[in-house]
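Next up: some structures, all given as structure tokens.
Shared chain: chain A. Partners: chain B in the first complex, chain C in the second.
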Partner chain A sequence: MTAARPIVIETRGLGKVFSVDRAPIVALEDISFAVREGSFVSLVGPSGCGKSTLLQMLAGLVPSTAGEVLVDGLVVRKPAPDKISVMFQDATLLPWKRVSENIEFPLEIRGVKAAERRERAAAMLSLVGLTEFAARYSHELSGGMRQRVSIARALAPDPRIMLMDEPFGALDEQTRIKMGHELLRIWSKTGKTIFFITHSLTEALFLSDVVLVMSHRPGHIVGVIDAQLPRPRTYDIIGSAEFGAARNRIWKLISQDDDEAGANGMASL
Partner chain B sequence: MKPLVLFAQVSFVVVLIGAWEFGDRVGAFDPNILPPPSAVIVSLRTLLQSRSFIADASDTIVRVIAAFVIGAPLAVVTGFVMGENIGVGRSLSPIFNLVLAVPQSIFLPVFVLVFGLGFTEKLIFGISHVFFVVAVNAMAAVREVPHGQVVLARSFGASKFRIYRSIYLPAMAPQVVTGLRLGVIFDIIGILLAEMYASRSGLGVLLLRWGESYDVDKLMAATVLISVATILINELMRIWETRVGRWRQAMEDR
Partner chain C sequence: MTIRRLVLIVIILGSWEAVRRFNLVGPLLLASPSEIGGALIKSWPDYFVALRFTVAEIAVALAVAWTLGIAAGIVAGMVPFLGATAGPLLFSLFAVPLITWYPLFMVWFGIGMTSKIAYAAVSGFFPIAINTMNGIRGLDRRYVLFGQAIGCSRRQVVFRILLPMAMPSIVSGLRIGTALVVIGVIVAEMLASLGGIGYVISYYRSIYATAHVYLGILFALACAFVANWGLSIIERRFTHWRELQIEER
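Now for the complex of A and B:
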């Protein structure tokens, strides 16, 4: 169904080399994939495999050292806030602003008029179900509520693409599951393209149409799994046979790559 | 609890002043060395009506303000550059911390030798008092700006100027204002000291002169006046400090 939709994000041979004290470290190598309009794509991989760096390159926040990122067929060199919003693991709410002012922040940067900003913030607050918390400050909210404000803020400028860097990584399990459901509800309501980073295979599979599997040293894509699970999804699906099979496929991709890397390491000794 | 504390504090001051007055009345204190509060208030009134006292006080006030108006912005900018530019910060901040460790009063004779006894000497001595404490605080404030918030603003397409205005300014404000508050106090210390050491005019000169000539009523009156003025300035700055730092306080209380 989604296969017919146009490609919105594409990477071609994307790579990143960091120079630390003149010694080059290859963080990412030959990353090529495409994300279709309106789809939910997850990127899973072990900690430190370069997932965040990849996301920052997609967002135009960090320059690549090889290959290119294309959004709507145009090369990304700097942030494109009219198309892309970014969410981080930390909600990064500004502590001196009220919840509603935080949601207005991206609009304030764009020079949107105050009345229009307020209206938009109110709409986003109601979408994430936090209308009664509009006048609160971030330190008065729970971790899950802060991330919902962060979602509302990312949605405020009405981007077509949401890049999310482990947004629920710091939350407890129950909150995390609830936030996953919440995100799917918002996604189906708004039709955004979502690129979602996580290290949880279950979370990736539960949310996504497509799961990109990454491994480390250097960070590279080891496989692409088409989830092929029915929507709308409920928590029960996690216990189903298809879910388990898909989850095993992802795990095999990651562990095989680890074994090979280990074997190569031994051989070179 | 709170009104009780306030009551205790006020009573303490009242009892202290009462005991002082009482001690003079019954002859426990020598009024030539410690005149009673009533006498101090009378002489305070005459001082405030004296044209020459007002002229000296204005000289001191002008010096304090001039040193602050020049020194503080210079220090904030320097501290900002030191905080933003790791190279500059690394090379300068140890020097600044060493300078802060040395009692600056010992440099006063050198200042007098180099700049003479006029306005310039007091201005520069005042600036040297304001500068370091404000700069060090401004530098610490820049370092406290959370990197994540800067990245966030960039992702929304914020310009460099917008990031400074919307992220740096509010994030830095509490610590910078703390520096400014300390800067004003150091400024007043520096100017009064320079005036007491060697000067033709100013409150410092008067204090020294009245002390040497046993003009104790006037000495006490001027001392009380300066104390009240500096306490007021400090408290006003503290109100400003609390206002810009309310969000930070709330986070710490969590």
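Now for the complex of A and C:
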């Protein structure tokens, strides 16, 4: 379906070694994958497997210690805010700014004129359905609304790529499902390339074209699942046989890797 | 409400006056409101000169303490190693009664205004630096990442994101620091100086002019009051969002 589209993000043998008290700790090892233009790619894996570090390396926020990240065929060395927006689990809104000012902030930093910023913020607010909340402060909003503001802020500079680090991880399940639908609607409307981190297999599969499955110690990719589920997707799809089969495949990849790691651990004892 | 308050003030002043009129307390220990008023009418030009002296010292000391305190706090808060080493050092320096250093300040800066300014600025510096450092260190690191991701320079990350965010903590440091600057200037003047409100208080105490001592204290209070009032304006301007946040809970 997306096979013909060009590759926008590519990693080659990406690795990260931290040094803790002068002892090297391998956080990520030999990460290689490619993301095609306009596709929705998720990364699932257990907590602490280095998902966030990987995302920060894609964004140019953290240097790698091995391999490289390419965006549009160019090596990433520093953040590229005109191409890539990053979203975090906390909405990271600025509490002293109103909702519309928050959305304008990245544009302000880039020197966009006030009139154009306002227009852009209004358009983004209407896209995420929060027009009547433009003058509110973040603490007056619910968790889901905050994340929608955060999405609007990330979209405001019109990047081609959205990197999302467990953006709905702190929300309750109902809100989370609604936000998933909302994100798919925005994605289909804007055509962005989305790289989405989650530890929920269901969420990953429901949203994505491709699911990258990661395991820990050190963080590495254990498999790539092509979701092959029809779009547009509704909540019903989660109960379908194909969905269940795909989720089982992901689960097997993760648990197999755990077993191997366990066996290796035993052997080394 | 205001009428009740006025009545209360009249009652307090009246009984204060009565205590002196009926000589229940000796003239060395207490001066009546009318005696204090008389002292003001008689020697207001002296007080005007003294006040100018003190206000100038406070203003310069405040400017130095605020600027250096916030700057040092930012640096110590941003650089993890510095925070870990400078933090405890700042705390322990702050724990020593700074007044013990004052004789040295006299030797270094002389008996004039400079030694008062230096002493007061140093005593105001520590709480400001410590609160700024703690405010910045307490922030979620993701805000730094967010700033970098939208293309902020280092400077923009500090001034557009971290500093406003840490403002509630910084302002509470400014509150303590400003009070210490006002106290520092007046105490230093009382110990050894050529002029100022503290000098006036100390001088009249030595000649047992109690009314003038009370008047001097009132002027010192006025200095603290004005400084505090200025701070409230700053506080409202920069941390109103924080109060809204607290009200919400």
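Assume the second predicted complex is superposed on the first by the 269 of 269 C-alpha atoms of A that agree within 3 Å, B and C clash if a C-alpha of one lies under 4 Å from a C-alpha of the other, contacts with A are read in each partner's own complex, and residues count from 1 in each chain.
Assume a residue touches a chain if its C-beta (ideal position, glycine included) is under 8 Å from a C-beta of that chain, and two chains touch if they have at least 3 such contacts.
Everything quoted here is computed from the prediction, not taken from an experiment.
Chemist: Following the overlay on chain A, give me a clash-or-fit verdict for chain B and chain C.
Modeler: After superposition on chain A, which the two structures share, chain B runs into chain C.
Chemist: Applying the document's definition of touch, where does A:Pro218 land relative to chain B and chain C: first, second, both, or neither?
Modeler: In the superposition, A:Pro218 contacts neither chain B nor chain C.
Chemist: Answer with first, second, both or neither: which of chain B and chain C does A:Trp96 touch in the superposed model?
Modeler: After superposition on chain A, A:Trp96 lies in contact with both partners, chain B and chain C.
Chemist: Using the superposition on chain A described above, determine whether A:Ile109 touches chain B (first), chain C (second), both, or neither.
Modeler: A:Ile109 contacts both chain B and chain C.
Chemist: Just to be sure I read the superposition right, which of the two partners does A:His139 touch: chain B = first, chain C = second, or both, or neither?
Modeler: both
Chemist: Contact-wise, after the overlay, does A:Ala59 reach chain B, chain C, both or neither (first, second, both, neither)?
Modeler: A:Ala59 sits against chain B and chain C alike.
Chemist: Touch test for A:Pro46: chain B only (first), chain C only (second), both, or neither?
Modeler: A:Pro46 sits against neither chain B nor chain C.
Chemist: Going by the contact definition given at the top, which residues of chain A touch chain B in one complex and chain C in the other?
Modeler: The answer is residues 56, 59, 61, 79, 81-82, 84-86, 88, 90, 92, 94-96, 105-106, 109-110, 137, 139, 157 of chain A.
Chemist: For chain A, which residues are in contact with chain B within the complex?
Modeler: My answer: residues 56, 59, 61, 79-82, 84-86, 88, 90, 92, 94-96, 105-106, 108-110, 137, 139, 157.
Chemist: Touching residues of chain B toward chain A in the complex: what are they?
Modeler: 146, 148-149, 151-158, 162, 166-167, 170-171, 246-248, 250-251, 254
Chemist: In their shared complex, at which residues does chain A touch chain C?
Modeler: Where chain A meets chain C, its residues are 56, 59, 61, 79, 81-82, 84-86, 88, 90, 92, 94-96, 105-106, 109-110, 137, 139-140, 157.
Chemist: Inside the complex, what are the residues of chain C that reach chain A?
Modeler: 140, 142-143, 145-146, 148-152, 156, 160-161, 164-165, 167, 238, 240-242, 244-245, 248
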